[in-house]
Amino acid sequence: MQLQKGQKLLFIGDSITDCERARPDGEGLFGALGKGYVSLVDAFLQAVYPELGIRVVNMGCSGNNVVHLEERWQEDVLDRKPDWLSIMIGTNDVWRQYDMPFIKESHVYPDRYEATLRALVERTKPHVSQLVLMTPFYLESNKQDAMRSSMDQYGAIVKQVAEETGALFVDTQLAFDAVLKELYAATLAWDRVHPTQAGHVVLARAFLNAVGFDWNKG
Amino acid sequence: MQLQKGQKLLFIGDSITDCERARPDGEGLFGALGKGYVSLVDAFLQAVYPELGIRVVNMGCSGNNVVHLEERWQEDVLDRKPDWLSIMIGTNDVWRQYDMPFIKESHVYPDRYEATLRALVERTKPHVSQLVLMTPFYLESNKQDAMRSSMDQYGAIVKQVAEETGALFVDTQLAFDAVLKELYAATLAWDRVHPTQAGHVVLARAFLNAVGFDWNKG
Amino acid sequence: MQLQKGQKLLFIGDSITDCERARPDGEGLFGALGKGYVSLVDAFLQAVYPELGIRVVNMGCSGNNVVHLEERWQEDVLDRKPDWLSIMIGTNDVWRQYDMPFIKESHVYPDRYEATLRALVERTKPHVSQLVLMTPFYLESNKQDAMRSSMDQYGAIVKQVAEETGALFVDTQLAFDAVLKELYAATLAWDRVHPTQAGHVVLARAFLNAVGFDWNKG
Amino acid sequence: MQLQKGQKLLFIGDSITDCERARPDGEGLFGALGKGYVSLVDAFLQAVYPELGIRVVNMGCSGNNVVHLEERWQEDVLDRKPDWLSIMIGTNDVWRQYDMPFIKESHVYPDRYEATLRALVERTKPHVSQLVLMTPFYLESNKQDAMRSSMDQYGAIVKQVAEETGALFVDTQLAFDAVLKELYAATLAWDRVHPTQAGHVVLARAFLNAVGFDWNKG
Amino acid sequence: MQLQKGQKLLFIGDSITDCERARPDGEGLFGALGKGYVSLVDAFLQAVYPELGIRVVNMGCSGNNVVHLEERWQEDVLDRKPDWLSIMIGTNDVWRQYDMPFIKESHVYPDRYEATLRALVERTKPHVSQLVLMTPFYLESNKQDAMRSSMDQYGAIVKQVAEETGALFVDTQLAFDAVLKELYAATLAWDRVHPTQAGHVVLARAFLNAVGFDWNKG
Amino acid sequence: MQLQKGQKLLFIGDSITDCERARPDGEGLFGALGKGYVSLVDAFLQAVYPELGIRVVNMGCSGNNVVHLEERWQEDVLDRKPDWLSIMIGTNDVWRQYDMPFIKESHVYPDRYEATLRALVERTKPHVSQLVLMTPFYLESNKQDAMRSSMDQYGAIVKQVAEETGALFVDTQLAFDAVLKELYAATLAWDRVHPTQAGHVVLARAFLNAVGFDWNKG
Amino acid sequence: MQLQKGQKLLFIGDSITDCERARPDGEGLFGALGKGYVSLVDAFLQAVYPELGIRVVNMGCSGNNVVHLEERWQEDVLDRKPDWLSIMIGTNDVWRQYDMPFIKESHVYPDRYEATLRALVERTKPHVSQLVLMTPFYLESNKQDAMRSSMDQYGAIVKQVAEETGALFVDTQLAFDAVLKELYAATLAWDRVHPTQAGHVVLARAFLNAVGFDWNKG
Amino acid sequence: MQLQKGQKLLFIGDSITDCERARPDGEGLFGALGKGYVSLVDAFLQAVYPELGIRVVNMGCSGNNVVHLEERWQEDVLDRKPDWLSIMIGTNDVWRQYDMPFIKESHVYPDRYEATLRALVERTKPHVSQLVLMTPFYLESNKQDAMRSSMDQYGAIVKQVAEETGALFVDTQLAFDAVLKELYAATLAWDRVHPTQAGHVVLARAFLNAVGFDWNKG
């Protein structure tokens, strides 16, 4: 288990991270961590490793793309001084190209996505113990599907940035693909994007596995 | 134009027909016809053929499959004595197989779908001037997709029933496929099922073309 | 078809244009274009000419008269850099003279209406490919009716400004008069002003006809 | 002043009478008489003739036509044993012919209107001290307008029934026509039917004048 | 009738004047004049003297005392340039002495009341055609009651200021006392202050009588 | 202290007793006893005599008069088998005579009040350990006031019934009169009927004093 | 893993099971399984064992004790024909003895609890493949605390019934005690009863461990 | 009785003081003092000592700890110039250590608590007639419980500050302990912190006893 006693673990991302978290501070009592994978990660850490006292913070914002993250990075990430930072971004960078194709200023194409993500990671690295980069995903099993194909391209960028910067890498698409072999995508999400709790379990599991969580700890 | 002066045209179906129509009677003032293709058909008939005085009624119900239609057929169709009846059903018959795969009593498989639809058509034929059968559709351009493939199978059943019974046939999937060549499915519907107004225009156009509507009427 | 690939088409006007559009930006997902003729124009463009990728924006504001348009012209029209601009204004300029006759500062009389409209058109012309001027209308078939007579006077001003400036002209009153021969005004609008969807189809048809829309395009 | 100490005065009619009255009993504290002419009549009776202790009851129902009145006559009129009964009905009998022309079962044509109204009056006459018949009205000054013309026909029926049965007669259309000489109809009602408080004052005045109310009583 | 064609008549006061008027401008469509005596005055002027085109404005504010009026006098009275101004204030100046006796800074005692009212009247007189001063009132018939006695004292101040400044004077308490001879106060107002519509008719009648309104005008 | 360990004490009455109690059972968690004197009595019993475990039940109903109590006596009183029963009724019996004077069937005059109350008391006496009769009250210090005078008459009836039946008697009017010597009635209640919490303390104190509550118990 | 392909797993219990599940059927789309441990169990089964297609149903009802379960057993358990049934009941049986001590009919004492639970288990055993009995719990680490002590007594009854009937046994209190060694109870639940998501993870883990769930399945 | 005629008594604290008081000013009509012990103190003062005219003000704020009080002290305490000031703070200073143990900046440890409280008391003493210091409390009868033990430590600090500064001291924990001998904590508060009205009576009694309130005053 790589997380250590008393550390602060901050998640940033879009609506899949947000899930109705509290504002302005995404932590505290009364479901402040939202209803998604962040809350599940926190719940498992607290239930299985209560002695570590890991502090989890959710700073996801619905609708965000990587450029939105950049705009609020100082206030929502650096100023909060996390020990661990997990980033999952890219869904909206891609989705807007497919659901609002004519409104081009809402799109973030691969070059800008990569440059912005890499800059954020490099700016943050000196200030944190560990970075986790989670790919965006699309709940479509057909890899020839146009939007799935784009999403895979953005996922590959995340992987490359993780490798270059030494961040932990979580391949959420790979984790979902295992489930999509058995279940049609609509079982997990009508819109292929916002999953049911089963989908959030997939995400939480993938994250916890990456940080060395021991599921059978007594 | 096949619709004649003073006729009553009733639409029955699921949420794509329903679109927040008034209850119990799906006709009258204040948007009683809902916000979908039925209201568009009515609006075009009234705007372009006001002299015909066609009375449009919307009896769609969200969540319905063909078995639900059968349960309310006497009250919601026959008792209302329409001159024309348009049926578009099948989305939920198929969708539940893909989004709730473990709850099998919510599924309507092809045999039952075909038998029930045919029985309804034959029971109704003697009482109406004309029947219109519209296929269900799925906003997915990949014909190898499992749910698209199922939906095409149900569409083929509709076509066959239409041919055997002499009903007018509207291939909504074909109409959407033309648009899907240019636009990714998510532009028309996040869930591949409930379309934007552009999608309802596709449906209304397909219906109106089938009944001989003259778009350039002065 | 005069609209060309990738162009932005902006509509400005009053409540008949607004129809609950999204704010501050009248475009995007989830019915952002409102429930009136603008949304219908967009839906027909997308359904029939998906390959053109026309971007439609609705900047109507309920209650506006031509002076209100002038106040927000820079921000709501020019700064958005449309290729096409369609203006339909005048209802409230006239209506307030008839429903709030004693509150005279709410009235916009013909001189001011004409001067303001012409100034807006001339200020905008250099920046757009094409301008469309739609008349205001009143759903009253009796041309001797005082308010109908006023509205016709404002419509004539629109026509004159269109001719002088080379804008496309849409005579909405003429389009409605054809329907009012068959249907009493109350069928289209209890208040003679805010029409049902049938009335919005009349408006959308008139607009689309003016820009060379081909209704029978395959 | 024809109303006498301790009498109960019941009003029945449609939405113009109803005006959000309390249910099931249209009398009592907290605005139970609604916001229209009935409440004004009551307020003037109480303010000017407090010593008479007239009890006013409002049994109007929005959307009612004369057939609806007949259906609830026993319970809502006879069982309540009023001393005076005032009837104003006919708006919806006519309006539906003009705003829902294709839904013919919602129309009440003159023959049925006259027969039903006369039957109600004759059935009630033995049980009350006095009956007041108020005409329906339409806030349109053009007597050649189709719906105004119809409404005048229904008003003439009311007059004839009043004369034949000895009921007091209140010509509300005549009272409104005096105002419409000075004010355009939209000042009193956007929909020509549901008036502002000024219109309700016209109705209350007409009623009170008919029953001998002394406006200058000390 | 002292009000002349095209004049603007502004009412200012407390909750008895306010009655849910529109904000910020207490005039216009949709019940903007509130539900009290101001709306009744307007309705009678419009119904009986439509040819005069009197413009009525309601600037009452719930909870106000005379000091509150002074604070908003420039903006809410003078800047609106009324031809006629009617003031009814004092209820809260007195009431707080009786319902919040320990919070003394909420009280306005007679000296301050008189000085403030007189200053407002004198400041305004040069700018208007006519001023109307209406007394505050208390719906308690027992003149020895402590709060009634105070209210009578404030009413006497209003009378004196009216006489000294040549304003029209309306004795609302006197008008109510006539009704209170017949009806117990609770019939008009549970709290002795905010009357039913019958009470607002008493106020409107008193006002209209003071300005020479002819109730029997044809 | 007359209440004994484990006894159930039930209060019945009108809105002054009700005070938003839970329904159908006026006892339990989350403020089920309402916000008035009943809740205060319960709170003092629990805070000062926790060892007694007195169970308090509130069965007050807003708007009730003594006839309403009679209608629900079996279900709401007898079936609940209280050890102690406290009755405070009469406000609405009197009030309706003063705020709705023309609707006479809403009035309960002294004869009927007395007969009904006595019958209820006698019917209940065999089934309970002790009965408490609380007078109705009116927050008006002027005993010549018409409604106060009536209320005193009803209070005298309560006293007489209490004496004849051996019930404990609580003179709430007397308790309030002591406060009204110092405070004007509007401080305790704008409507003279529904008191502030200070008024409910007056009621709770009077009740607790009557049952021998020791305020200085350690 | 003891659950087998295609089985139906039904949970019944109180608010800790309920957690805002859908009604009347606690299964389906849109969070129908509620927000507690049942939804977590389902999500883990679907995410990790999608090939099994386990159907999870939540029939918990807030406020229920074992007697309430008995009342709805036929309809909510037996008629739904589950393959697996999990019961967690007892919280309210105990809690009411401590938060509503005077309302004794709301208490379920150990004898009745044991008899009712055993009867339900025995009645159900022939109809299901496997039964799981989960103890109730109390989030209080002090075993001398009165309510904790009671809850342990009820937990012991559950254990005994499980042993006698061969049901799987889940000791939820034991699972929580491990966490309570590190965290004060208020971190998991302000009221010691309704836990945060971390507490529901404790419950879901305990359940899944009991049925042989493999956390490290690929 | 130490409170004297016309004095202002201000309460400051956290949610136990706040109880939905009015904002920004915690005094006046319509329940402005909230629903807790402050309102009870006021009600008893007004009901039993109406001749003193004590003005009670509630400036509690939910969630506050002693540092929050310090931040708003000038505006919410000193500027309001009370004669008496009562402080009850500390619940949240302690509770956050137990319900959000990982968010350490939300904790206020004993040193800071003592220093801040003492500074506030000394800063205020010259400006008021009398200060009352009420301990925080925890509704847990087990003194070995970790949070109870902490709360007792903070209570001891309050006692010491009171003694050193000559403030009146109210030991709320002692008052509650007497009740907790008879009733399990959950009867008074599910969360051990926010009591029922019975708990607020305990607080009000303790306060009133400290200021010499005579419960048996005539």
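Each chain gets a letter, A, B, C, D, E, F, G and H, in the order it is written, and its residues are counted from 1.
The criterion applied here is as follows: a residue touches a chain if its C-beta (ideal position, glycine included) is under 8 Å from a C-beta of that chain, and two chains touch if they have at least 3 such contacts.
Since we're looking at a predicted model, the values are computed, not measured.
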Touching both chain D and chain G (chains): B, F
Contact-richer chain pair [B-G vs C-D]: C-D
Rounded Å distance between chain B and chain C, as computed from the means of their C-alpha atoms: 32
For chain D paired with chain H, centre-to-centre distance based on mean C-alpha positions, whole Å: 62
Separation of chain E from chain F, taking each centre as the mean of its C-alpha atoms, in whole Å: 40
Chain centre separation (chain C, chain F; CA means) in Å: 66
Chain B residues counted as touching two or more neighbouring chains: 29, 99-101, 183, 187
Listing of all chain pairs that touch each other, if any do: A-B, A-C, A-G, A-H, B-C, B-D, B-G, C-D, C-E, D-E, D-F, E-F, E-H, F-G, F-H, G-H
Chain C to chain A touching residues, read off their complex: 6, 27-29, 53-55
Chain A contact footprint on chain G (complex, rising order): 31, 33, 35, 39-40, 42-44, 46-48, 50-51, 178-179, 181-183, 187, 196-202, 205, 215-216, 218
Residues on chain D engaged by chain B in the complex (per definition of touch): 99-103
Interfacial residue positions of chain F with respect to chain E in the complex: 95, 98-101, 142, 144-147, 183-184, 186-187, 190-193
